Amino acid sequence: MLVLMRSDAAPEEIEAVIKHIRERGFEPVRLPGADRTAIGVLGTNPAATLRDMVMNLPGVQDAVPVSKPFKLVGREWKAEPTVVEIGHLRLGDGKSFVIAAGPCAVESEEQIMSSAAAVKAAGAHILRGGAYKPRTSPYAFRGMADEGLRLLAQAGKANGMPVVTEVMNVSDVEAVASHADMLQIGARNMQNFALLEEVGRTRKPILLKRGMSATLEEWLLSAEYVLNQGNPNVVLCERGIRTFETYTRNTFDLSAVPAVKELSHLPIMVDPSHGTGRWSLIPSMAMAGLAAGADALMIEVHPSPADAYSDGAQSLRPDRFATMVEGLRSLAVALGRTL
Amino acid sequence: MLVLMRSDAAPEEIEAVIKHIRERGFEPVRLPGADRTAIGVLGTNPAATLRDMVMNLPGVQDAVPVSKPFKLVGREWKAEPTVVEIGHLRLGDGKSFVIAAGPCAVESEEQIMSSAAAVKAAGAHILRGGAYKPRTSPYAFRGMADEGLRLLAQAGKANGMPVVTEVMNVSDVEAVASHADMLQIGARNMQNFALLEEVGRTRKPILLKRGMSATLEEWLLSAEYVLNQGNPNVVLCERGIRTFETYTRNTFDLSAVPAVKELSHLPIMVDPSHGTGRWSLIPSMAMAGLAAGADALMIEVHPSPADAYSDGAQSLRPDRFATMVEGLRSLAVALGRTL
Amino acid sequence: MLVLMRSDAAPEEIEAVIKHIRERGFEPVRLPGADRTAIGVLGTNPAATLRDMVMNLPGVQDAVPVSKPFKLVGREWKAEPTVVEIGHLRLGDGKSFVIAAGPCAVESEEQIMSSAAAVKAAGAHILRGGAYKPRTSPYAFRGMADEGLRLLAQAGKANGMPVVTEVMNVSDVEAVASHADMLQIGARNMQNFALLEEVGRTRKPILLKRGMSATLEEWLLSAEYVLNQGNPNVVLCERGIRTFETYTRNTFDLSAVPAVKELSHLPIMVDPSHGTGRWSLIPSMAMAGLAAGADALMIEVHPSPADAYSDGAQSLRPDRFATMVEGLRSLAVALGRTL
Amino acid sequence: MLVLMRSDAAPEEIEAVIKHIRERGFEPVRLPGADRTAIGVLGTNPAATLRDMVMNLPGVQDAVPVSKPFKLVGREWKAEPTVVEIGHLRLGDGKSFVIAAGPCAVESEEQIMSSAAAVKAAGAHILRGGAYKPRTSPYAFRGMADEGLRLLAQAGKANGMPVVTEVMNVSDVEAVASHADMLQIGARNMQNFALLEEVGRTRKPILLKRGMSATLEEWLLSAEYVLNQGNPNVVLCERGIRTFETYTRNTFDLSAVPAVKELSHLPIMVDPSHGTGRWSLIPSMAMAGLAAGADALMIEVHPSPADAYSDGAQSLRPDRFATMVEGLRSLAVALGRTL
């Protein structure tokens, strides 16, 4: 951290700040400058708390945290990439490109069975489908719950696909973990710390979606909560952030792919369905995601989007999904990746 | 909702959309225009789902939801303001200006007792203090939990002040409700729907903070979750939204005060401590909050901010808090309000 | 600036960075830490360029600029507040609260004469009105140009009010300066540097609106362009920034008032008409602006908002404006200010 | 446009709004609903002004513009893609992928000559380089002006490459147009309407960068200003938007590529140098840009980024640029594109 003193700070004020920092167990270094004195603070990671501790002292103008606050998820601390395995699938090995697809929500046995068959036929590897749905309005369709879980698992089994589904509450983790091969933490729960720790106590692969307004640093710190409980199997998922643009549902931050790769060893998936919110933009952004270096892709597919209970506007019809996967296949070859 | 057809949409495409809408139980009205045909959809609130249902149909360019999706919290459905009572305090009566103050977190018996005495002496009405703290990093101080709850309640009692504290997990609601007079839902949990419903099943006053990237509409819909469970005692709390500006911790959206007043009948509190993140800006923004028409104010006060475990940079020293309350008192008189 | 080396940076890489900085005339200080080495750079203001110079060197993880890059506008370099005089009005003296009001655009002689008379009667001090209008669409009304200037000046004179109007192009500065008492630089031109320098060469009071996505630092640096040409008469104007919220046209960042006051000695005006975009929210936010410590206020008033060529949704009717000014008057008394 | 009446609006209020709209020459259609009456307004494009005209009328709750306000740039009005030719290069033909590269600014004859030779050798088609530089601070390097223009043109000629450079002021358009093959309008000038119209009066290819906080609609309307003056040769350039994320300089909105393609017939270039602000992220995002369907790419390359006067952190070294172009070449083959 760097503490900036005001240009008119008195020598006693500077001394007092140095003393304050030292008393809290950190090592301050005085940096006299032309305009002002700055004080560097060495050592690991005191940033956030220490900033709070000096900002109220007389003569202090600002305090700037500089070091990265994460450990277990950091590339600096573990250089080799983490590979998360789901059955025979390997996310993060630098070679595979894994596709998860399926409807936003499980709506009926017929719907999930037909979705599963369609995405399997087109080349998807993992079946997705929501049983518990977070909804902005209490009056919207909120999923089939346990029955949805059961149907999803059945559809996965029937088509030889592992399944991923969202878990929203600590009390549901056990049930979801017993039916699903991968547990999704949704964007709204990225900072539900009790839930992060609960899934951290399982050894299941976790799909951690980026919060709507989360910085990369905050997102990685949420992953740190999971790893810190002993579960190293975290896949990050970029799904768009909230900005002023309204044509797209979110702003799909694809730069997060190479950025996460340089900051962390964890695999990253991209979700252009939520990232754009418009089915017409999804194929282009799926191609872009693969080219940017993502390890995996999540796509919402519905047998009849115009009848979907949710997310119809961003769901692909099965035929369009199949065409898209064909495009990804040729791209993968050029990039030395395998689908 | 208004469905916009493409300017080159075929008549059959227009017919198909009209039929699709009608089959789902809504009434479509054709609106021919110079450039294109639009289709209006009448009736209450089908917006989000219906938009999803038409966006994939051929010839559709866009679908624009127009009606407000909330009911119980809406000013249109209940014109008179809701007054939330906490002991003899009345939030939302248009007259009282209620001040909640105290440290970010309960850190020790001595710290919370001295904080309580100081804010009481200065004129605060409610004591705040965190027992369970949501922290971005798993390595930061996360509160004293049950012991913190107990100490907070004790400090409130000793000074004759009701207390407010955050509840983060469904499983803690009962314990927190047994010690606190008002339950706070933090910004990160604004869309933790299970938690909203759980506090909705109590009859305690709920302080619902606005999420970091929540629109007014989403915030009000979260309140709707609470009211929908039968608990009408919700106070909204504006605490800043996330934008590109970095000088302040958040961007304190004071316009939310009159905006919420025209959209809803619920009372609104403002929190300039989180809203700005800098103690030096807090007094001006507290004055502004009162002048904007807020019903209540929340301020972080710490006996020694430079020693706080968290939020020191945005905590006022007791003497500065007392000076600020003096300023608010004269302002209140001019506005016909009482402190 | 603080340069952070990677934790695995080789000693030669650290030496090379130190040498690179020293060769460019700055003084580097080595700060060894537990995890990594950091390098502090002393002296005034090399931040932006120097950061660029080291980011490509091997072993560098990041470089964080820390000092404030402005001089002439900075409170640190000139502690006493600047007072900008317009006739007998004094903006920034800590006492006066100055109100500029009038229509978005001059639309006709009758409209501007009646607007001027109405706002004068209600208590406004300065008449505003656009002659050149920046419009997002080329097909919208773009102002009456020279004729508008002439009519505005005439209406000001007839009512004994100085006038403020926007200048959009370098080539118009002379003409606008000959008719107007204060020149406005609009939000879209906040970084039109040639225009800033041109108005910097006049000695007219300049009203510098904050850009839609400008940080406080960028805004103050734009003011620095004007002062740097010798014109110290700059008034800053907060008019809302662009965020994800759509209920309001912009997010009115009132914290900018105390923040600018601590960073700079320049006066600040607030514009809740553009800040909120909804007439119903303006009176509350004008009150809040005064309470937050603003030096002045700008309000759009139109004799018949429903007939305005632009900004009707955010224009007050004269009677509502008059009521609002009454409210401001009592508030000013309580705050020791004068209207 | 759709006007929403309050649920408690009186019949006379509804009549008054209908009359008001009709008197202004538009055709209102009454849409009675369960909760409230809405009023649809037919016809082309009255949106913005008309909204302003009704928002102040009694009983109106909101007014929602729905139609797209652009004409000349719209895909609906011209289905076939526009191809912009620069010499033998064809931007927008669906086949070519054109690369513009070079330093942020022309710094010296030696620097631009060596840059040009290097990017040419690596496979770039167009030489970029700034002669007039918009800089946030008045104290930063602002370009070599006329001398820079001359050197850029010379370097282009020597290497057989057309050149693109930014024009910032109306008064410089003629000079820049006489040296450059393509005129760039920078992000800060995207709404400098006089400048847009001035370059619209030339017939030169125009590279129109997206403003830092511009919506797609505003960006396309700025292009409309150019086309409206008779110059159809506009290439749009996505260069990142401003969000809360700070790890990257901007948030590179790649979804803009397919979005612009569905809204407009104009070609689109992507600039990952400004889009990310970090050289290490550029190659991945260039690949992503090609895969997303962009027509062209702009990359900052400097012979020695650590010595650059500006943008060193986001400039590639020539060897890294060459490696990147190799990657793009194989990708292009797989996509049926040619470099």
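Each chain carries a letter (A, B, C and D) given by its place in the written order, and its residues are counted from 1.
By definition in this document, contacts are C-beta pairs under 8 Å (C-beta built on N, C-alpha and C of every residue); 3 or more make two chains touch, one makes a residue touch a chain.
Fair warning: this is a prediction, and the values are worked out from it, not measured in the lab.
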Of all the other chains, whose mean CA position lies farthest from chain A?
C
Count the touching C-beta pairs: is B-D or B-C ahead?
B-C
With chain centres taken as the means of their Cα atoms, state the distance from chain C to chain D in Å.
25
Mean-CA-position distance for chain D and chain B (Å)
37
So what's the Cα centroid distance for chain B and chain C, whole Å?
30
Multi-chain touching residues of chain A, meaning two or more other chains, are 45, 213, 242-244, 246, 278
Quick check on the complex: what are the chain A residues that touch chain B?
20, 45, 48-49, 51-57, 63, 69-70, 134-141, 168-171, 188-189, 191-194, 212-213, 218, 221, 224-225, 228, 242, 278-279, 305-315, 317
Contact set on chain B toward chain D in their complex:
2, 4, 6-8, 29, 31-36, 38, 40, 42-45, 61-62, 64, 66-67, 76-77, 242-244, 246
How about chain D: which of its residues touch chain A in the complex?
213, 215-217, 241, 243-248, 251-255, 257-259, 262-263, 272, 275-276, 278, 280-281, 284-285, 287-293, 330-331, 333-335
